[in-house]
Amino acid sequence: MKFGRGGFLPRVPGRPSRHVDAAPLPERLVVELRRDGLTYVPAVRDSERVAFGAPLAWAEANGGRVALPAPAAGTVTIDSSDTGSAGSVVLNVTSHDIHPLGTPCTPERTTAEAMRQALAEAGIWPLIWSSRTGAMPALDGSETPNRILVNFVAAEPFRARGKVIWGEYGQNVTAGLRYLPRLLTEYGIINLTLTELDHPVAQRIRQETAGHAWIHIESVPVRYPVEHPRVLCQALRQSDPRFQREDVLWILDVQAVQAIGGCMTDGIPLHERVIAVGGPGASNPRHVRARIGTGIDRLLERGELTETKRVLRGGLFRGRPVDAAAAVGYDDDAVFVLPRPEGREFLGFAKPGFDRTSFLPCFASQLTTAAADRRLTTSLRGERRPCIACGLCEDACPMGLLPQVLHRYLYRDAIDEAERTGLPLCIGCGLCSYVCPSKLELRKQFSEAQVRLREEREQAAAAEAAHKRQEEAFLREKEHSEDWRK
Amino acid sequence: MNPIGNLLKRFKPLFDQGGGLRPLWPIFQAADNFFFSHVEEAEHAPFGRDPIDIKRYMSLVIVALLPSFLAALYFFGPRVLLMLAVSYAAGGLVEVLFALVRKEEINEGFLITGFIFPLILPPGIPLWMVAVGVVFGVLVGKEVFGGTGRNLFNPALVGRCFLLLGYPAALSKSWVVPQSGDWLLWWRALPDVPADAVTGATPLMLAKQGTHTPLWDLFIGHTAGCIGETSILMTLIGALFLITMRVASLRTILGSVLSFLLLGTILHWIAPTRVNPPSFNLLSGGFLFGAVFMATDPVTGPVTGAARWFYGVIIGGATLLIRSFSGYVEGVMFAILLGNICAPLLDEIVIRIHVRRYAREI
Amino acid sequence: MRSDVRTLFFAAAFGTTCALVLTAVSRLAAPYRSANEKAEEMRNYLSALGVPFDEKASAKALIEIFDRNVVVQTNGRLRIYAFVPAGVSQEAMAFAVPLAGMGLWGPIKGVLALEPDLRTIRGLRFYQQEETPGLGGEIGAEWFVRQFKGKKLVSFTGEPGFRLVKKGMPLDENSVDAITGATMTSERVQTILRDVAAKVAEERGRHDRNE
Amino acid sequence: MTATNRVSVTCVGCAGSKCRETIRAGVHTNNPILVQVIGICSALAVTSKLETALVMGIALILTATLSCFFMSLIRNITPPRIRMIVEIALISVFVICFDQILKAVYWDMSKQLGPYVGLIITNCILMGRLEGFALQNPPLLSLVDGFANGLGYALVLAIVGCVRELVGSGSLLGFAILPESVYQTNLLFVLAPGAFFTMGLLIWIVNAASPPKPEKKP
């Protein structure tokens, strides 16, 4: 596939090994009631006993209902004390057993309708991204994709890698790939994206999928944020002339396919995630298989969740810090441990820099291939300065935007000009903030402006609607009075 | 902690809130941040940041300038050091004063301005003129616009322009033939050039009168000219460094050099008497130095990458035209200032094109 | 309609008043002004010819001195001002010719004074020029024009013209030092001098034939 | 009798404060050059020496005062449709008179000022004052206004001229202040760009000292 310029993969220490550990199964699982921007309403009462896979909460979305299935059997406590978040459901586990729900069926005998229903109930549906809605696809069958793109690549340091999941759940993934065509239109195509096509894992995938003509394998560069659905979508549009603008594309990653496979063949809902625990602060970087609801502290070795380190949920770029109480969610696949800065370095800017890598090839680490950014901490690593228009953000931007120009517009509050200059296209990958030598908070600035823009649009639309209503009421009134006069 | 750390620690209370030297806080802070890296935690995603910062970015330019500086030292003697000291002292004073008045931090941008400024002056220029020039450059070229990042014009070039227009006679008398041999003589003559140093015309002046300096001398830098710009070899080393480090915009450099050569070839073919041969033109005077170190100043150039091509073309073309068809033998300075003026316009054009593209995608 | 008439009437009255005022002022000032203008020109010729006069003399006095001492002849393309000192001799003691041409930034105008042989330069003055101050502008400076005194307007091969050579080069009776750093202006001045030298040479030929 | 007296007294007092206000506006708060930045092309051209700057300033004061006064006198009988032409004509009359007189009695100065005295006709300051003030105000107040604006212009010109002559030639009013042996004259200040810099810096200093009030948004 053709990718534009931009994107960057920093060399960060603490890459998780291919080994997959099983996290301990705790007695208490916490399921947050907020996921993918949706707030779920509990479907159970306090101290009610639920079975494995039974819906804990529902949310209405896109013409249907999606569920949060219980990751284990147990007694429920509803915790809504937290005013900030939507609250959570705490499950006191009585049994960790996993057993199939419902009857398995073959792909040939499954209908799209049934499959959508099953995926929504199993909590898998929100893992699919649709190019039409920019989020999870509609549940009522109103959209049928011409394409489904299954992404094996995770460039953001460090998210669970497709190859690891393939190695662990190869069968489930192939099964999932067999079910996916049910959701497609006729003669629809499934694209698989891999990094290298001649890698042993890639060759095995090709062998497995060799019989299926509708599966196309594509190679993509490992450059963050290549896994972002909008980047993939743009690249597909640019490289494949058969893929039209009005065509619908669904994108999902390997873990979602694996879950689909599990759900459709064995009837097992989404109940565990493979999580990459890595980063310069991780003492044992590895992959961990964890039941949903397991506290994130259970994934970490002792000493990682302390004052001197910051634990991010998600990768380096998009991860957000979590506290000790946070638990594994239905869509988590990464925990990034970043040390906090300690002490100040003497004449740091003048050192050759074998222990730091940068977007610019201006550190000595460039000379060796093995060097990694061993000094990566939560520090800004520099003073905040005004923009000097160095253009690094433009080089790094994967969407071909001009972040420096947007910054200038937003600096003087010209939000309309920023909108015309492509602000809505920003995907919030954070690379511009990452590379900025002046340490400007570009990502924050852009996402705030996007929110403001959306609010303004909504307000304008609401005002217009109100105006229209008023006018109509006035007309009715007038008609009415005229009628009355007659 | 090393001794400098201890020293800074001991004096810190004086500059802290309530200390006796509180108004001078920016100076202390600049020193503190110079020696010890600034530590501030990221409060927003991404929580890890790239190690590049403005200090590193700017110091790379200084490193790239070092070869030219050393060549200047070799050709024009220890007076070059004195000029550098004067430039830093006088310009730094203005910078610090403004930081104090505005209660802002002292910016790193001046490090480059102060270093580059003496390199674009003739070797025999009186020291007070160095000071006046750099003060004017920093004041009118930068501080008037609000400081680093907001200036329209390259401060060093503004300072030089001021000197050229203000003291044309003094400047045209200050060209000295490099006296690499007798160091002792140059030391003794400080702070002036030795009395018997031969004043000579620059290669471009000579070319106007029909004498062309051999290309090899031009390449090595054994000619009269501004102290930093004579040695093309050293400029090329600096350029190579900047380009591999990706600190200087390759687009600007290529745009200017290619347009300069292309237009030069065409015009030389049309009017060989007026226009010097392109090889001679490229190697003589300060064109390369300007294109590599001054045109690539990101603040005064265009903001967008695509506009940098055209920016380079304007600089290359204007230099050639000024050199060939005007009363000035050298045109880089005016060409770059002209480019600075055009930069926002070029940006606007590029942004318009982008807007059209985005309109299709949104 | 009424307002149109009113406007017309007002305009006529106002215009007439203004015109009257202007005419009056102009008439009152005219003699002084034209005297000043004429004196300005004469001052240049007088000083180039080396006629003794008081720098601070009034316009009237200057014109008087000029009329007494200078004879203006127009021969072909050339206007020649001959210095014939009143009551001393009938022979011209010196001649002056106007100089004009383009400089680097604008027109250059001046006066060239010659000895009676029409070869040797007696004096040179540029009274109008817009060259770069400090560089080309130095052509108006005393040190520059003083160099020309006593030099010849003809090279020793007999070709009319004059050369401005780079400082430090050997000088002969047909060349002076150019201004360092003002190559273009020096070239222009050289061209202007060559033009006028050609005209003078023509005139000299006629002169010689007459004699 | 006493009543009329009081009325006239208040009138004078009121006029006095208004008069002060007008002068303050013209010279400082609404200075034509420093605040409105109009009429600067002559200010760039004639300020290389203090003497020319002063004469130009005087010329503007005179023409502005006189034309404001006379315009205000005839403001009620001037047909609105041709008022612009009348204004121009009025200005030209005074300017041409001044130019003629200058040429007759002060030839050297007239030569140095070149076309700029004549160009006062097109100076925005004069048109602006006539159009914006004299047409609405009584003759005496208009006279004061014209004078104040002329004075504001002349003061700025004098300051710029001072700086330029001092820096550019080392002298003031033709007297050498800075000896040539010590001081090297700066030719940039003799050229027009010098006026740009001086004027720009002057505007900067004045604005920094008393920041202009932001315009009220409607």
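Order of writing sets the labels: A, B, C and D. Residues in every chain begin at 1.
Operating definition for what follows: a residue touches a chain if its C-beta (ideal position, glycine included) is under 8 Å from a C-beta of that chain, and two chains touch if they have at least 3 such contacts.
Keep in mind it's a predicted model, so treat the numbers as computed, not measured.
If you tally contacting C-beta pairs for each pair of chains, A-B comes out on top.
Distance from per-chain Cα centroids to the pooled protein Cα centroid is smallest for B.
Spacing of chain A relative to chain B, judged by their CA centroids, is 46 angstrom. Chain A and chain C have Cα centroids separated by 86 Å. Between the Cα centres of chain A and chain D there is a gap of 68 Å. Note: centroid distance chain B to chain D, computed from Cα atoms, is 41 Å.
In chain C, the residues touching two or more other chains are 133-134. Of all residues in chain B, those that touch two or more other chains are 167-168.
In chain D, the positions touching at least two other chains are 187, 191. Across the interface of their complex, chain B is touched by residues 10, 12, 310, 312, 316-321, 338, 340-341, 344-350, 353, 356-363, 373, 375-392, 394-395, 400, 402, 404-405, 408, 420-422, 424-425, 430, 433-439, 441, 443-444 of chain A.
Note for the complex: chain B touches chain A at residues 2, 4-5, 33-57, 59-60, 105, 107-109, 147-150, 244-247, 249, 298-299, 301, 303-305, 308, 347, 351, 354-355, 357-359, 361-362. Of all residues in chain B, those touching chain D in their complex are 140, 144, 162, 165-168, 170.
Interface residues of chain B, counted against chain C in their complex, comprise 167-169, 171-173, 205, 208-209, 327, 329.
Within the complex formed with chain B, the residues of chain C that make contact are 104-105, 132-136, 138, 166, 180-185.
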